[in-house]
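Each of the two complexes below includes subunit A, the first together with subunit B, the second together with subunit C.
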Partner chain A sequence: MRFFDNKNVNQQMPQKEAQMQMLKWIWSVGVNVLSRIWNTVKTFFSLHYCPSRVAKVLLAIVPFVLLLGTYIHFSNKRHEENPRDKILPTISQMYEQVKIYVVETDKRTDKNLFVDDTLASLKRLLIGVSIASVLSLIWGLSMGIYPWVRSTWMPFVTFVSIIPPLAILPIIFIGLGVEELGKISLIVLGITFLMTRDLKIAVENIPREQIVKALTLGASSWAIVYRIIFPQVMPRFIEMIRVYLSPAWLFLIAAEAIASKNGLAYRIFLSRRYLNMSLIIPIVFWITSIGFLMNFILKKILDWKYRWYVDIKNG
Partner chain B sequence: MSAAREENHVIYCLDMVKAYGANVVLDDIDFKVSRGEFVTVVGPSGCGKSTMLRLILGQERHTSGTMLIDGREIYHPDVTRGIVFQRYSLFPHLTAMENVMIGKLFTATCLELLGSMETSRDEAMYYLKKVGLEDDAKKKPHQLSGGQQQRVAIAQALIMKPEILMMDEPYGALDPYTREDLQMFILEVWEETGMTIFFVTHDLEEAVFLGSRVVAFSQYYSDGRHGLKHGARIVSDYDLGRSIKSTEVKKSPAFSDLIHRIRHESFEPKFCQSVKAFNQTHPDSFMTLTEEQGAVAAEVVESI
Partner chain C sequence: MRKMLLTLTAMILATIFAGSVMAKTTYKVAWSHYTGWEPWAQTEQAGTLKKWGDKYGITIELSPPMDYMESINLYTAGNYDACVMTNMDALTVPASGGKDSTVVIVGDYSDGNDAIVSYSGTSVADLRGRDIFGVELSVSHYLVARALAMNGMSEADLGAFVNTSDSEIAGLFVANRTPQTTVVTWNPIVMKIRQERGAKVLFTSAQIPGEILDLLVVRTDAPEELKKALTGAWYETMAVMSGKGAPTKEALTFMAKTAGGTLAEFEAQLKTTYMYYTPKAAVEFTASATLAKTMEFVRTFCFDKGMFGPTAKSKDEVGIELPDGSVMGDKRNVKLRFTTKYMQMAADGKL
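Showing the complex of A and B:
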C-alpha cells in the first residue's frame, strides 16, 4: 500500500514537493538566523560577554552621546520657544562667551581672566594637596611603623577625619581669614586625615615577613623605613593622591564659591548671578579636563617609576 | 652538662613554654641542636612548628623556660639567623641583584659604603652565579618563577653567612620537579657551607629526604593531664646521618617505612603516646619531666 501511495504522490505532485522543500529550507534558515541573533543578544546581556576592542570603544561612547543628544534636544526645544534662552545655551552661545573670557583682557583689572582664574585655582589646589601629602606621608608612615605614634594619634585621626570639613569652614574662615590661607587650610584639613589613615593602612599591609627579613639582613630601624617601607608605600601613595584630588577640588570650589576674588569656581558662581550658563558649562568642562590631565600624569608616573607595582597589581 | 658540650649546640631549649594567654602552643620543650645539623621539622597543622621557628628567629619571645641561641638569649631577629619564607622573602621593588646585595648595604658603615659598592656587587654576583641566576640579575622578583624567587631568597640569606639558616615551608608553593631541584640545591649549599639549617615543612617525604635529623612536633600525646589542653611536644626525633642522599633513596622501602612511622607517631590524632614512650633516637634529644608528670606518665605506661 505504502509503495503505491508514494508512487502516486511522486508522479502527481513534483511541483508541490519542490515548493514544500523550499519552504522548509526558508524556515530552517530563518530559525537558524533568529536563534543566532537570540544567542548573541543573550550573551551580550550575560556576564560571559567579552567585548572586543572596537565594542569597548563603541560602548564607552554611548553615555556621552546620550548626554550630548539629550542636551541638544532640550536646548533646541527651548530655543524654538525663546531664541534668547539662557538656561540651556547653544554651542554658538557658549562659543561667544568663551571667546570673551579666554581671549579678551578684562578692562577693569587689565588681566586675562581665564589665565588668572586658572592659575589662582591651580595654585591653591596644588599647594593644598602638596602640604596634605607631606603631612600625611610623615604622619601616616610614623603611625604605620612606630607603635607609640599609632597608639597616640590613631584614635585622634580617626575621630577628626569623620568631621565634615565643610562644617568647620566657618571656623576656618573666622580663624584664618578668607584669603589664601583660609582656602588652602580647608583643602589641607579636608584630605590630610583621610590620607594619613590610608597611608597607615598601606604601611601595615606590607607583609610582616619583609620587616623580619630586613632585620635578619642587619637593617637598622631607619634603613627599614627608607629602604623597605618607603619605596613600597610610594606607589600606593601616588594612587592615593589620584583618589584624593577629587575631594581636594570639592573643597577648593567650596572655598572659592564662598569668599574669593578670583579662581575658576569664583567665576562659575559669579556667572550664576547672571544666569550665564554659556560660561558656566565651558568652565566646568575646563575643570574636568584639568582633573583628567592630572589623573593621567599621575598614572603615567606610576607606570614609569613603579612598573613592578603596576605589574603585580595587574597579575 | 659540661660547658664544652654546651658550646657546640647552636640551639638549646630547656623546659621552654610558649603560650598565647591561656592557649599553650609549645609545652615544655627540651631541644638542642649541634652545629652543622640539617634539622627538618614536621608536625600536624597548628602544632606550633612555625611558632618554634619564630622563637628561634627572635620574632617572638618564649613565655617561660630557657632558650639560648649560640649560648645567648635573643630578643630580635638579627644577622646570625637567616630566613627564607614561603612568600614575601624578596623585596618587590628591588632587582634580584639588589635583593642579594641589600644585606651588605645594610651592614656597611658609611665609610665602607663609599668604597665597597663594587665589592658588594661582586659578592652578590658570586652568590647569584652560585644559585644559577646570573643572567636574571636585573629582573624584579615578579618577573622570576617561583623556584627562581626562592633561589634568590636563599642567596640573599647566604651572603650574610648566618649561623643558622631558617626555612619556613620554603618549597610549599613549588611544583614537584622544581621542588626536587631545589632540594638538591639546598643539600649542596649545606654540604659546602656546613651551616646549621632549621627547615620547617609539612611534606614528610621532603623532611626525611633532606634532614640529617627529623624532629616531629605533635599535640597528640598523653602525659596524664586529662581534660587539660596541652601544647605540642617533640614526639619523635630521628638521626638520619649527615651523608648526602641521592634522590633514588626516595624509592627505597626503608625510606617509606620511616615516613609511615613518623606519620603514625605525630600526625594521627587517635594515637596518643605516653610522654615516656616517645621515639627519641637522636643522640642530642633529651627530655626532662617534672616529678608529677613523670609519675603520672609512669602510671600510664604501666597501665598499658
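Showing the complex of A and C:
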C-alpha cells in the first residue's frame, strides 16, 4: 500500500512541480507585462513622454472620432424617434444634399451654386484681408518709425480698434451700401486697426542698437526702413495675417448674413429659413477646411522664406 | 442644534412633498412680435392664460418674445409645446421636419401687412429686371412669387432676389434713394418705409387675401387640455380686443406698447391685419375651399424652392390634413393638420 502510495506520489511530484513552475512563469510574465503597462501608462501621462510619429497621428485622431461618435449617437437617437428629423441630419442625408449643391446647376441663375458661393466668399475675404494688410503695413511701419506719426495716430488707432464693428453695422451698410463695397469694408474696418497696432509693436521690438549701428555706418532713412526694419517685420506680419483671418471670416459671415445674393454664409442663412441643417453642417465643414488650408499655406511660406524667424521662435 | 436640524429637514421634506402634490404639468408656448400675435402678450398680462390653464388643471408658460425663426426652430426641436407661425413656415419647418403639428387657431391673415415697396413704378410689371431686397424663402418671397404669377411673370424676369435681414431693410430703403430700389417686407417696417418721400406700394398682401395666415400651432400629441385652454384664452382676449370701452382701449394700449409703437400705429397695423375676432368667423374661413387652394399655392412654391429637403420627390412629400378630413399630399406622412374642432368648441361655448 505504502509502496503504491509512494509510487503514486513520485508519479505526481514532477507533474505538480511542472504545474508550479508554469504558475510561477505565468506569474512573472504577468507581473512583467503589468509593470510594463503601468510604466507605459505612467510615462504616457508624464511630462517626459515624447509620442512617436504614429502615436502623434493616433492621438490627434481621438478628439475627432469622439466628436463624430457623439454626433452620430445623438443623430441616430433623434432619427429613431423621428425619421424626418432636420436638426441633426444623418451622414446620408447630408450626402444627398451636398450632391445636389455641388453637382447640380441652379435652374434660375444657371450657375453651379457651390462654385459660385465659394468664389464669391473667397473674393470678398481675400480682397478685404489684402486691403487691410497693405493699409496696416504702411500705417504700422510709419508709426513704428516716425515719432510724429506715432504721436498723431497711435491714440486714435488704439481707440478705434476697440469699437466692435458689428455694433455699428447699420451705419456701415447705410454709408457704404450692402453691395460688395459694404461687405469688404466691414472686413477691412474689422481688422485693419488691430493689425496696425500689432505691427507698430513689432517694429518697436526691433533693438534700437541695430538702427543706431546702421546710422553709424551711414545708412539713409530709407535704407533703415527697407534693409533693417522691413525684413524683420515681415515674418511677424505674415503671422499676424494668420491670426486675423479668423475675425475676417467672422465679419464676412456677418456681412453675408445681412444682405447678399451669393456666398457660403448667405447659403447658411438661407438654409436656416427652413432648418436645413443637412446643408449647413457640410458648408461649415467646408469653410473650416478653407480656413485650415489658408493657415497651412501661410505657415509654409514662413517656413520657406523666413526660416530664421521660425528657428528663433522654436528656440 | 439637533432640534433645528430636525425642523429644517421636516421643512424641506414638507416643501418637496407639497410641491409634488401641487405640481401641475407645465406647457410652454413660444411667440414672437407681430401685429396678429401681440394678443398673446395680453392673454398673459391680463391673467387670461392662467385662468384657462387653471380651468383645465395645467400651467401654461408664455415665452418672452423671441426671434421668429428661432422660436419655430426651438418648437421643432421639441423645446416648446406650441408656437405661433405662418402657414408657410408651419409647412416647411416643423411639418417637413417630421414634427406632427396641429393648427389649433387660425388667428388672422395678412391684409396688407406684407408689401412690395419701391421708389418708382406703378405695377408689378415694372419690377422687370430689378433687384428685390427682402427675406428670401419667407412669406415676403412668396408674396413676390404670387405677384409675378398673377401678372404672367416669373422670378426669371427679376434681376436678383437679394436676401436681406429684416432688421436692415428699412435702413437700406431709406439710404438708397434710387428709382430702382425695391424692397419686400412686412409690418411694422412697411408702415415706416411707405411714409418715405416718393415711396410707392406696388403690391400688397391685400391682393391675395387669406393666403398669408398667422396660426397657433400645437404639437399634435399634446393633451386636449392644452389645446382647449389656449383656444379659450385666445378668444376671451379677442372679445376684449374687438369690444368698445375702457378695457378694450387699455388692452390695445398695452399691446401697442409691447409691439414697440404708439396706439395709433398699432391700430393702423390692425387695419391691414384681417383678424378673426370671433371663433365663428375663423371656423367659416378654415372650413372654406380657400384654404385648400392657398395651401396648394404654398406647397408648390415651397417644393419649387427645394424647401422640403433633398430627398423630396414631389410637393406631395408632406401630407396636409384639411378640416373635412381630406388629405393633400402623402397620406402616410400627414404632419400638418388643420382643424376647426377647438375653434368650433369656442364658437359653441363648450370650452
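In this text, the second predicted complex is superposed on the first by the 260 of 315 C-alpha atoms of A that agree within 3 Å, B and C clash if a C-alpha of one lies under 4 Å from a C-alpha of the other, contacts with A are read in each partner's own complex, and residues count from 1 in each chain.
Methods note: a residue touches a chain if its C-beta (ideal position, glycine included) is under 8 Å from a C-beta of that chain, and two chains touch if they have at least 3 such contacts.
These numbers come from a predicted model, not from an experiment.
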item	value
Touched partner set for A:Ile312, first subunit B, second subunit C, both or neither	first
Subunit B or subunit C, by number of subunit A residues touched	C
Subunit B versus subunit C as contact partner of A:Phe173, first or second or both or neither	second
First (subunit B), second (subunit C), both or neither touched by A:Ser289	neither
First (subunit B), second (subunit C), both or neither touched by A:Asn39	neither
Partner chain in contact with A:Arg272 - subunit B first, subunit C second, else both or neither	second
Partner chain(s) touched by A:Thr70 [first = subunit B, second = subunit C, both, neither]	neither
Partner chain in contact with A:Asn205 - subunit B first, subunit C second, else both or neither	neither
Touching partner for A:Gln232 - first (subunit B), second (subunit C), both, neither	first
Partner chain(s) touched by A:Ile258 [first = subunit B, second = subunit C, both, neither]	second
Interfacial residue positions of subunit A with respect to subunit C in the complex	82-87, 93, 96-97, 99-100, 108, 169-170, 173-175, 177-178, 257-261, 266, 269-270, 272-276, 278
Parts of subunit B lying in touch with subunit A, wherever the complex brings them together	57, 59, 76-79, 81-83, 85, 87-89, 91-93, 102-103, 105-107, 140-143, 156-157, 160, 162
Residues of subunit C touching subunit A in the complex	69, 72-73, 76-77, 92-93, 96-99, 131, 133, 135-138, 155-156, 160-165, 168, 171-172, 174-176, 302, 306-307, 309-311, 333, 335
In the complex with subunit B, residue positions of subunit A that touch it	207, 209-210, 212-220, 223, 227-228, 231-232, 306-309, 311-312
